[in-house]
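Look for chain A in each of the two complexes below; its partner is chain B in the first and chain C in the second.
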Partner chain A sequence: MSELRILLVDDEEEFVTTLAERLEIRGFAPQTATDGEQALEMIKNNDYDVIVLDLMMPGLNGLDVLQRIKRRTPDLPVILLTGHGSTREGMEGMRHGAFDYLMKPLDIDELITKLHEAVKEKKE
Partner chain B sequence: MNDPGTSSSRPITGWLNRLRESSFLPKRYRKLRRNIILLMLFVTIVPLSLLAVTNAIQYQKNILDQRVTPMRSVVSKATHSFELFLEERLSAIKFISASYSFDALSDPNTLNRIFRILRENYGGYVDLGLIDGRGIQVSYAGPYDLLNKDYSNQQWFREVQIRGIFVSEVFMGYREFPHIALAIQHLTDDGRFWVLRATMETQKFNNLISAMGLDPLSDAFLINKKGILQTDSRFYGKVLSELPLHITPGEAGTRVKEDVDALGHKVILVYSPLIKHDFTLVMVIPRTLIFQSWQTLKREMSYLYLISMLLIALVTFGSTHLLVKRIREADEKREAAFRELEYNQKLSSIGRLAAGVAHEINNPLSIINEKAGLIKDLVERDMHHDTAKLMRTVNPILQSVSRCRNITHRLLGFARRIGVQYEMLSINEVMVETLGFLEKEALYRNIHIENRLDENIPMISSDRGQLQQVFLNILTNAFSAVTDGGRVVITTREPDANTVAISIQDNGHGMSESTVRQIFEPFFTTKQGYGTGLGLSITYGIVKKLGGEIKVQSREGEGSIFTVYLPKKAPGDQNE
Partner chain C sequence: MKSQNDRKIAFFGRMTANLTHEMKNILAIIQESAGLMEDITAISPLSETRFQDKFNNALQSIKGQLQRGMELTTRFNRFAHTPDHSRADLDLADAVAQLRALAERFARLKYITLDIAGAGAAPVRVETNPVGVYMAIFFGVESCISILPAQSRVVLTPARRNGNPAVGVHCTGEGVTETPTEFSEKIVQASAWSELTLSMDQLGAVDPDGETPGFWLVFG
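Moving on to the complex of A and B:
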């Protein structure tokens, strides 16, 4: 299996860089963005297999970013991250076309399972 | 539970408990109870007593009128009988004097015959005498030897010369019988005069008095103008003794007088003087006889009055006790309800914070999660020998833990008990801490917070937790008033030597004047559906509790300014 190209978007830099490092160790090829604008720019210039997007960000928030991605590349799967203890935002995101959502703090194995599922569905 | 043996003492225990309860009653309730009791007793007992007294007086008056009227008429009739009787006897003598000449009467045979006829027809006559102008009895018919007796110096002889007739007072005759004397002056055509004098027993008086039909407790008798009894009295002595009651006969007519006799009995006197004669007929009725029915009524009324008083007092005390108890319970319930509301409001503001706080805590937790996960990954893959890298990984973990700790500390400070705990604090510091709760929201909603805090503001003695709640409530309102990208200005200053002021100004939608007027009222809310309407009323309550004041200025469409004034010294703390 070739390396999955992943874009991790979160305003906490420490979080995204570390998560990227852990995914690298596991054989993925992740890139990071710390705000919505940067993420959209990177999606435009690169070809990703899957996007991991935090919902709560200053400036352009996660939901706006999701809607723009879906408008431009409806096939690109997006996995949402939510910091709130409720599933409300996650469900909201799925109505806007997200593949699935995960609660913070993350379980890395669960994330990897979801990444594979998302890519598999994209290929079908 | 209750031992049947003690059942009899239960009411007493209950009463004692009530008493004990009432002695624990706070002063204002005791005062309230006392005032209500006094007022209720006043408005019930005063009219009742007035009514009782007026009724008693009126009733007594009526009874007197009612009972005395027939007695007056009896006395009046009897008086008239006496007058008639005396008139009749005098007429008889007058008739004799007119029918016979002096010479005819001087003849003892003629006089004796006339005397005999007089006794036979009228009865009661004792003797009959003829007295010439010099006062010498020239002829006499009767049992005594009174011929040639000289009356010229006697009072009655002078009186009969003046008035033409004379009726004597009662006197004891020679046979120890009460008598009266009647005398008629006869003037002859040649200007001389002679007098015809008769003596009469007063037995007939007693008949007239018996005819009045007195009851056994009443008394009636005749007196002369000196108050000497002219007939026997049942209770006040024999004839010719002095009446132990004072009576002024006055003019003709029946009079009524209340008096106390020598034995101390209260009596009613009904009396009437005889016209033309110096006698007065007196009737004495014991007051008790007249007021017998009144006495019974009075006793019954007094019982009724006392029972009414007792009932009024019992009902007043009982109902007032109950009323005050209910008021107190209601007060306590209201206080408890308000405390609960305050608590709920606090919980609800904590709830509102929870979402933001969850995110804030989740972010550092996520970092810790990833960093720790990374270390685990490295160790598992035996890549952990790069110490510098490990340290770079561990440090953010510690920083994140510190971030979490700040948040939990803030929350703990906020969630502290409602009771006030004073400490010296800087309101700037409290404000900055409180803003910490809202930083993220401000960030995400792009709200610009401008701090214009006076760096030299003095420390004040106040409660940190309570102030945080006040600031948080006002700030939350400001945040919900402004649109995304709005602006909130926070100013602290020192308006005077004893006060500090904190203003929170927003450029949100503002409020109408009527809203501003109601804004601190409990349950008033503009956030229909999701507001409790308690936030600002509780904020107001807290500020008042801390000895401060809160003011609002607002203009619709332009924004609002909330200003909190706080005393530098805690209320009730003058020495610091």
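Moving on to the complex of A and C:
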């Protein structure tokens, strides 16, 4: 079992739970949140190594959540998910401190590589 | 200030872009579910049964179609954002690639291939009305499709013509027997040609190609 403490945040519940199950099969034990407020509460009460955050969410959108995370815990790496074909939103997120971004649909191996890279950079 | 017509097109584009985003979310969920099924079968007793190949083939088919759906939806999403600005800096190479993906089916239904020449070449930039450009290229392609026999090829070429940004629309294939002049006389009879000339009125000019059956849409 991987010791990485991961939080997956996406308003599409089926997406985020299925992604969590795929990570569990690969030895991770991620937690999930389905909106920004819930994610911020979980981050306040838990110690995570990395956050995977969807940009397009109702209510607090991903960029708002990212900015709040960075204000509270600037060293916590955030990997953004974007459903758009353009890279504009992802680049915008990186300007606000995101570690990197990935396009949906995800390549699970690419996500895992990014998770490890993000945590490695945090430790360094 | 936008005209009423521009506002309607922009509204239609906004609604379409919103729906394509929802479609991408749906496809992403299907993809993750298919991935999970693949993960589970790899570690379950099913991996040792005689049905494993059939199951894997079905999963690969789902993943292939998802890829196709995602690519089309991405293209359509970008296309739906086209009316966001009545004037914008546009790369004709990018516009041609977009248009090809969206219009390929029209060609395929008549057993005609739609190709791009010079793919990967330098961008051909023009400040113009993006919707107008898409319409002009589409009606150019449609004009060709309507007069060509099956097994022909329509080739789109983003390039500069006499220094101006342009898109070449050329027709090739065994069934294309006309000289360039004969072809030019024939294509103006196509029903989409009047739509093409109307679209180009505000954008530039249609320039017949004297050397190959086809024409150039010259912008600016």
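Here is the rule we go by: the second predicted complex is superposed on the first by the 122 of 124 C-alpha atoms of A that agree within 3 Å, B and C clash if a C-alpha of one lies under 4 Å from a C-alpha of the other, contacts with A are read in each partner's own complex, and residues count from 1 in each chain.
Heads up, the rule we're going with is that contacts are C-beta pairs under 8 Å (C-beta built on N, C-alpha and C of every residue); 3 or more make two chains touch, one makes a residue touch a chain.
Fair warning: this is a prediction, and the values are worked out from it, not measured in the lab.
In the superposed model, A:Leu60 makes contact with neither chain B nor chain C. Of the two partner chains placed by superposition, chain B and chain C are both touched by A:Glu12. Contacts of A:Arg22 after superposition on the shared chain: both chain B and chain C are touched. In the superposition on chain A, A:Gly83 makes contact with both chain B and chain C. Contacts of A:Leu106 after superposition on the shared chain: both chain B and chain C are touched.
Across the two superposed structures, the residue set of chain A contacted by chain B and also by chain C is 12, 14-15, 18-19, 21-22, 25-26, 56, 83-85, 104-106, 108. Across the interface of their complex, chain A is touched by residues 354-355, 358-359, 362-363, 365-371, 373-374, 377-378, 381, 393, 396, 400, 443-444, 446 of chain B. Across the complex, chain A meets chain B through its residues 12, 14-15, 18-19, 21-22, 25-26, 56-59, 61, 83-85, 104-106, 108. Those residues of chain A that touch chain C in the shared complex are 12, 14-15, 18-19, 21-22, 25-26, 56, 83-86, 104-106, 108. The residues of chain C lying in touch with chain A in their complex are 21, 24-25, 27-29, 31-33, 35-36, 39-40, 43, 66, 70, 74-75, 77-78.
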